[in-house]
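My questions will all concern the structure given below.
As written, the chains take the letters A, B, C and D, and residue 1 is the first residue of each chain.
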Amino acid sequence: MSLLEVRGLRLDLPAPSGAIRVLRGVDLSIEPGGSLAVVGESGAGKSMLALTLLGLQPEGADVRGSIRLLGRECVGIGDRAMRRMRGGGIAMVFQEPQGALNPVMTIGRQVAEGPRRRGLGRGAARALAGEALARVGLDPARYPLDLYPHQLSGGQRQRVMIALCLAMRPKLLVADEPTTALDATVQAGVLALLRDLAEGEGMGLLLVTHDLAVAAAMTERVAVLYAGHIVETGPTAAVFARLAHPYTRALAAARPGLDGGGGVPIGGRMPSPRNVPPGCPFAPRCPRADDRCRAEMPPLAAGADGHAVACFHPHGRGT
Amino acid sequence: MARRLAFWLGGGLTSALVLTALLGAVWTPYPIDAVAVVERLQAPSPLHPFGTDQLGRDMLSLLMAGAGTSLLVAAAAVAAGAGFGVPLGLLAAFRGGVADEAVMRLSDLALAFPALLTAAMIAATYGPGVLDAVVAIAIFNVPVFARLARSLALPLTGRAFVQAGYLAGKDALGVVVVHVLPNVASLLVVQAAIQLAFALLAEASLSYLGLGVQPPGASWGRMLGEAQTYMRLAPHVVLFPGLAIVLAVMGLNLLGDGLRDRLDPRLWEGS
Amino acid sequence: MNTTPALVLRRLIGLATTLLLAAFVVFAVLSVLPGDPAAVMLGVGARPDTLAALRAEMGLDRPVAVRFVSWTGGLFVGDFGVSHTYGVPVLDLVLERAAVSLPLALLAAGGAVFVGVPLGALAASQRGGVLDTVLMALAQVGIAVPSFWLAIMLSLVFAVGLDWLPAGGFPGWEAGVWPGLRALFLPALALALPQGAVLARVARSAVLEALHQDYVLTARMKGLSKGAALWRHALPNALIPVATVLGLQLAFLLTGAIVVENVFYLPGVGRLLFQAIAQRDLITVQGIVVLVVTAVVCINFVVDLTYLWLDPRLRTRGA
Amino acid sequence: MTGPLLRIEGLTKRYRPPSPLPFLNGPPRTVLDAASFTLAPGEALGIVGGSGSGKSTLALCGVGLLRPDAGRVVFAGRDVTGERAPPGMQMVFQDPKASLDPRRRIAAIVGEPLRPAKGEREGLVAEALGEVGLDPAVGGRLPHELSGGQRQRVAIARALVARPRLVWLDEPVSALDVSVQAQVLALLWSLRERHGLAYILISHDLAVVARTTERLVVMEGGRIVEAGTTAEVLARPCHPYTQTLLDAVLPFDPKAAKARLERFRRDRPRGA
C-alpha cells in the first residue's frame, strides 16, 4: 500500500472573473518512508498542492480527483474526518516560520499541543516536546520550553516548526519551501536535519521547492510542476541524468552556478491560472514547440526507468 | 453585496443629513422660535408630522434646524482635531526621539480629558456655550488623529519606497508629502468619518446636559434634555430627536466602513 | 531577557508625568484663566467684603506658582479643598457619590466585555453567515445609539411602561445590595449596549485578522478543529487590539456614567458635577475633574500592563 | 582622474539596543566594524554574507541612508559620508514590491530622481524603461499591475535614469523566481558593459555573485573576513566562513548534493 496516492487531482478556486484553475490533473505517489520533491516556480500551484493534501485548501475551493493517504480516500470526506488524518497521518512545515508559529504561545506549548490533542497527559506531552526540540538541535537546557518564537532566529524557528511536526509522529511530512526564508548557510543545515529525521523516523517526505538542486540533495523522486501540470517526474537520479522536458532543462540552465555557468534566462512568463491557453502550457515559451504542442496537452509518458515526461519533443540523452 | 448596501446606505443617510442641514438653515416649515403653548405636546399629525414639543414648537422644524448645528459642531471639532493631530503624528513618526516622546506624552494627556470633563471645566469658568462643545470635542480628537497618523506612518518610514524617495533627492518634508500622505490619507478619511459620528454623539450628550448648544439654537441633544420631563405625557418628544441622532451617526459610520472596504488592499501588498 | 520590571517602571514614570501635567492643566483652566475665581464663584453683585473673605480663604493673594504647589501638594494627601456650597471637603463628597458611579461604570464595563467580545468572535467564526450579518447589523445600530437616549427609552419601556424596574433614584447601598443593583440595572444596560457593540465589532475584525495568519493553519495542521483553532490561537492574538479599544472605552464609560446618572436621577458624581457647575463652585468642579482624570489615566495604565501580559513580544527580548 | 571611484574607509555602525528606560541603555552592538574597500570605475563588486553580517548596513551607510559612527565614504574623490544619495550614486532594494510607492504610476516612480523640465523628463524615463527591457507604455501603470521581475526592472530603471556611475544593489534577486533572477542578473551585466556602470551586488548566495562580479568581499559578524577577485575567492577560499558559504551552494548532481548535505549534518550538534 502506498503512503500517498494522488490521482487526477484538480483544484479550482472561485473568483468573480471565472474559476482559477490552479491544479489541472496531478498524479503523485510516495511509498512508505519514501521521499518526493515537487519542483516549481511561483504560480505553478505547488503550495496549493501541499495545502490540499492536508485538506487545508482555501474555503470554497473545488477539489476533484483522488487523494489516498494510508489507503484512505481524503477528497470530499469533510473536515471532521480529515482532522483525524492531520498531525499523526500527515503534517506540514510551512515556508515562513515567522508566521507559522503563534507569537503569544511558548514554543513548548505549541510543540506539545499536537500530542495533547491525541490524549497525552500534560506532563508527558511536555516531556515529548522537550525530546522533539532536542532532536532538532534545540536542547531544552539552552533553549527552554517557555521561550516565545520572537526570541529565536529564523533558522531556530523553522527547527521548532519541524519539532512541532515530529512530536506528532506523522507518517508523511510535507515541507513547503522550508528554507526559502532562511540564509544560505542556515538553509543547508535545516535541509540536512529534515532528511536526517525523515530517514531516522521512517517518515515519508514531500518537499516542495523552487530549486532543482535542493530536490537533488533531498529526495529519491522528483516531480516538476508547471502551471498546474506535472510535466516531468521520476527517480531523482534518472531525471537528473537526462532532463527531458524543455522546461526542466531551462529551469536548470537558469540557475546560476559557482563555476560562472548557468544564469540563462527563460523568456516569457508562466501562463496565469486564470487564463490558460490550450495545449502544453510551456509551449508559448518553448523553442521546440510546434502546432501540435499548442493544440494538445501531451500525456505524461513513462519510460522503462520510471522517468516520465509530458512532452511531444523531449530532450534525449546528451542533447 | 451586504458591504455595497452598507456603503450606499451610509452615503444616502449622510447625504440626507447634509441636505436636511442645508435646507434647515434657509427654510423650516415653521419658525423654530414660534412658541404656542396651546399647541404643546401634540402627537404627530398632518399639520405637524413629528408633533410639537412642550412649548408647542413644530418638532420637524426643530429637527431640521438641529441637523445643521450638530453637523457644524461635529465637523468643526473633527477638522480641528485632524488639523492639529495629523501633522503632529507625522512629525512624531518621522522625527522620532524627543519629538516622538513629546507628542505621545501630550496625546496621553489629552486622552485623559474626555470631552465631557473639558466642557465641564470651560462651562464652570466661562459659562456653557456651543464653543465649549467644539473645543472639548476637538481636544479629544487631536490625540486620536495624532496616534493614528503616527501608527500608519511609522511602518512606512522604513519602507523601501520611502527610502527610495530620499535617494531620489527629496528631504523629509518632500517624502512625507509625496509618498507618505497619499498612502495614509485614505485611512485618515475613513477615521474622520467615524470620528464625525463620535463627535455627533458627543455634541448630543453635551447639549443634553446643557453644556453645549444654548437657547435659542436648536440641537437634538438639547431637545432631548428639555423634553425628558414630558416623556410620559408624549413619548414622541424623546423618540424623534433620538432617532435623528441614531440615523445620522449610523450613516456616518456606515459611510466610513464602506470607504474602508473600498480601499483596495492590493495597492499595499502587490498582486 | 525579561524586561517587565523596567517596562512597568517606565509606564509608572509616564503615569506620573501625565498626572502632573493634567493637574497643571486643570489648575490653569479653573484657577488661573478665570482671572479672579472668587469673583466667578460669587457672581456679579457680590459684596466686596464677602469677596475679600473668599479670596483670603482660597489663598488667592499668594503668587500663582505658590498656589499651584500648595494645591498639588494637597492632592497628594487627599486634600481637594472644601466645597464652597456644601462646606464639606470635596473628597468626602466625591467618595460618597462614587459609591453609585463606580459600581455603575464597572457593571457596564463588565457587561460590555463579556457580551461584546464573545459575540464578536462568534460572528467572525461564522463570517458571512446569517448570524454574522445579524450580529453586525445590530452592532451597527448599537454604536449609533447615544447611551443617554437609550437610557430614556429603556426607562420609558421598562420602568414607566412595564414598571419592572425603578425609573430613577437610588435607595442607597444601606437599603441592601439587591435594591441597589435593581436601581443600577437599566443605567448600566444603557451604557453597556453601545460599548458592547463597539467591542463586538473590534473583536470580530481582530479575530478575522488573526484567522488569516499562518499559525491558525499550523493549528489546524495539528488536527485542531476550526473552532478550536479560533479560540485557542486566533482569540489570544486578537485580544491585543481589543485591549487598546477597551482602554478608550473605559474612559468613555466613566463619563458616560456621568451623563446617564442625569437620566435616572442617580446621586452620583455626575449629579454633583452639574450642581457644582450650576453653582459655579469651582473648587468642587476642580476636585471632581482631577479625580476623574486620575481614574482615566490609571485605567490607561492598567490597559498598558494588560498589553505586557497579553503580548510576550513586549516583555521579553531575544534570548 | 584615474583613482578609485569609491573608497570606503573604516566604516563603522553601532546600534544601541532599544531600552525601556532612558539612560539605561545596554552596551552598543557593533553591526558594522571598520569595513574598508575600494572600487574602480566600471567595476562589479560582490558582497556576500548571512543575515547579521552587516552587508545591508554597509550599503545603507554607503548611500547615506544611515550615518556611520566612524569612517568615511569617498566617492569620485569627494567625501560624501552621511550625504544622502550623492550625485552619481543610486541604490536598488531587495523587495521590488516594497520599494515602489503603490500609489504612483511607473513613469512618476522612474522619473523621481530627475529634476529637469518636463519634456526632457519623459524622454529620459522612456529611455530608462527601454534600457531595462520594458515597454515605455508600462509608464502609465501602477506597480501592482506588474510581475515581480518587471517591478525589479522598474526599480533598476529608477536607479539608472539619472545616469549614475555606481549602483548599490541589496539582494536584488532574492525575492524573485530562479528564471526571473537570471533575467535580472543578465540585465545588470549588460548595463555594465554598455555604460561602464560600476555596481556593488549584495547577496547571501555565492552562486548569485559568482557570474556577475569581478571582485568579492565576504562579511561575517559586521566584519570583512575575506576579499579578492571573485575567481580567486571561489577557487581558494581562505576563511572558514567563506568555505561554509561555498558548501551551502548545493551541487546540481544528486549524488554530490546528497554527499554535500552530510557535511552540514555532521557539523550540527545532535540531541537524544
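Definition applied: contacts are C-beta pairs under 8 Å (C-beta built on N, C-alpha and C of every residue); 3 or more make two chains touch, one makes a residue touch a chain.
Only a predicted model underlies this, so the values are computations on that prediction, with no experimental measurement involved.
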Interface with more contacting C-beta pairs, comparing A-D to A-C: A-D
Sort the other chains by how far their Cα centres are from that of chain B and give me the top one. A
Geometric centre distance via CA averages, chain D-chain A, whole Å: 30
Which integer distance in Å separates the CA centroid of chain A from that of chain C? 53
By residue number and range, which residues of chain A touch two or more other chains? none
Would you mind listing the residues of chain B that make contact with two or more other chains? none
Interface hub residues of chain D, defined as touching at least two other chains: none
Spell out the part of chain B that touches chain C in their complex, as residue ranges. 2, 6, 105, 108-109, 111-117, 120-126, 128, 197, 201, 204-205, 208-211, 221, 224, 228, 231-232, 235, 238-239, 241-242, 245-247, 249-250, 253-254
Quick one: which bits of chain C touch chain A in the complex? Just the residue numbers, please. 213-215, 217-226, 232-233, 236-237, 240, 310-313, 316-319
Sort out for me which residues of chain D touch chain B in the complex. 63, 65, 84-85, 90-91, 93-95, 97-104, 112-113, 115, 142-145, 151, 155, 158
If you look only at chain B, which of its residues touch chain D in the complex? 159-161, 163-170, 179, 182-183, 266-271
Using the touch definition up top, name the residues of chain A that touch chain D in the complex. 41-42, 131, 133-139, 154, 183-189, 191-193, 195-196, 210-214, 216-218, 236-237, 240, 250-252, 254-266, 269
